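Before anything else, here's the structure in question.
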């Protein structure tokens, strides 16, 4: 078996497309944002990525049918002024080993490079270790011009954050992307890092919408964010009470949202 | 050395065979069921799978001879009305790394696909985390028609179970099987997850017998199940006693059965 | 770089040679025995095995020069009646991953198979978890005839030991050896498993000498065994004393012997 | 993707060059020394090494641009009497798996071997587990003549240190270097092993300057060493105080220096 198997369902010709990557990670911010974007544009799936660098796992859909874990590539054709064709990368997992991360990223970049991608944005969360009321969007980019362009869209470039650099797909797509002559930026929504964070994903999407000249209705994401808020509030109240058993269920619910 | 070495002892021609997979896993349910099926049909071994994705280990038989850990493929020719030719996959281990799981599954699917397999059933245990008196058989399938067919045989499709999907060979054979144009289902016997569970294997086999139009004498498996019950009962009694050393031997015995 | 690099220093023609494997493992019994055998025959090195499946490590000799970790193949030409040419495999490490174990074993077997090896003995320790005054030599073999032959040399075949089979090179050389049409046995000296055990190695060598019609002076090994005894005795006495700091140095010395 | 990708920015012809390796490791001694050497010579980068054996990580520069983790090869042309052309290897990481270590080392050796390297020095720290006021430079070499030559430069060869040999790039470059007909030595600065140690790097550089007939201004490194001293002193004082919160920041600062 090949290490990475990309099955192309539909041969697509795009004009100067931009790649948007959003895979699971800190607070699931990148995945939440990319999945929401795919649903609302909507973008249409054209290729599925299977790999031995993913876990040996299938998911069971609500109707009892199974689905092998994968990454998914979908596309959106520009429809308004100032828009560009888009390719979205989403999915269930990042590669589960360093080698797998490199291999998967390289294979996807090779494919979309062949489709004309020269610009890319990666979406991620940035764990602050404490609750964040109004998440900022931190940035990192492949060149100085892109840094300046991002600043104009409200992206914050902090001298010390992220101190250890970016680990995982969102960094690697930029780093390896340069070997494919692609330029771009990573948009990192601040998040606590303790649970999935639709509000941080919302902040990231707002920036991305400006970059891409997109209009998206963010109300469903806002609703998810409020749901998380309610659950977090319940946990907080329960933990304040001095006695009695702790309601563990709500805390677990945090993982289900999104 | 090749990553996976399949040694074929006997060239077999089968007619539209069905693959049944049962490897070690939760409660050893899948392996118990597949091994019992192989013994009682009986099915005849025609190929041995060795791999560097198995542990570097040999077992010592009772007569002092050794046997390299392996998976084993055996076949059964249809003998009654409504029966189909069968290929059984059993063995000592699943692949011990994610890459190994994918590679082994793909190699076996490739071989049996060449022998005409288009339908497959994978046998597994589903850990409930508590004792299960009358294990149900939960299911997951590759398509909706198969879901409906399984329901008619008493298989339970639960919206929430298994929540995290299926991890390991039983899921992967279905997931990768679709890339080989194979359809099928996973039959998961409920089990505590704490010890090997012949009763759960029995439940799985009862469903499988209906699917495959097989008649099997399940009394030996029932006997094993009662033996486990007796040991579990002894442990329970010992743990109820307020003092004295705990008899650890019986608990360990649970691992030997089967 | 190739996964396994075998550098052959001397092209050797041997007549129907027997392979003896003794690599580090439980109690270092196999390595102690094989190294002692190599020194006393003496056997002459003819090939060095380097591999990325060994740790990235060099040893520093007493004169300050370095040596890359390796396995070493050496040979001995039959000199007495009833003797056979021998190939010895010793070294610093077994492969440090399951894949590495398989790959290294396969490569060495392939080489010595080409040199005519059809018979092999692997030397190992068997951890009993308690002190063993007079270590027996337990066995496992590739066929029943070999089991019977070993019994005549005093090897013990126990229905329950080793219960989990043999893990590592000593088992794998037998298991994969069969794919190379080689027959043989594993000789396992009983040992506590807590420190290196020259006495167990001595027991293994006594059996091996009978099998191979060799006469070896075992007094140096006996001396090492007495040294270990003395250190163990000191530790025992120190641990009996009710107070004062424990002398940790002697215990560490156990690892240096050999 | 290839396991190791070496991008050559400038084709360089050197005369009988010497390789100097200094990658992250114990006390970061080797990296500190190699980076300082590169800056002060100065040496010019001519090749970048990317690999799936490095972490999937990018660093973010102070201006917000990213840089994929890598190793870097640079060169220096001999300018004074008795000098030799040099190739320096520095970078962010050693390979993060044993296989990666072997593969990366072999690939770099293969490249520089083709450029004429027959002599190499590897720079490292040697963890003593306690503070070292005046670090000695311990050595290990590929042959006895090199051992003697190193002794004349003040390198200490200790019969017992390092007892377990050298693990990682500094040892492996010597060990695999011999397969490329390269001779050389490892220079290990004594260090506590608890924090980055510019003073140990200084000791190593002093020896290296003698070997290579180089004159370097070490005052910047000395300044870094004094900075570490000051921080260590503050921590020491804080820990002497019997009460109050511990100032944790200064301790963390130790990791930033260098």
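Annotations
Each chain carries a letter (A, B, C and D) given by its place in the written order, and its residues are counted from 1.
Note that in this section a contact is a pair of C-beta atoms (placed from the backbone, for glycine too) under 8 Å apart; a residue touches a chain by one contact, two chains touch by 3 or more.
Just so you know, these numbers come straight off a predicted model, no measurement behind them.
Fewest steps needed to get from subunit B to subunit D, stepping only to touching chains, is 2. Chain centres here are Cα averages; for subunit A and subunit C they lie 53 Å apart.
Centre-to-centre separation of subunit C and subunit D, using mean CA positions: 37 Å. Shared interface positions of subunit C, defined as residues touching 2 or more other chains, are absent.
Taken as a contact graph, with one node per protein chain and an edge wherever two chains touch, the assembly forms a single closed ring in which every chain touches exactly two others.
Against subunit D, in their complex, subunit C makes its touches with residues 1, 5, 7, 50-60, 62-69, 96. On the side of subunit B, the complex with subunit A involves touching residues 95, 98-99, 101-103, 105-107, 139-144, 147, 150, 157, 159, 162, 164-169, 171-172, 174-176, 178-179, 186.
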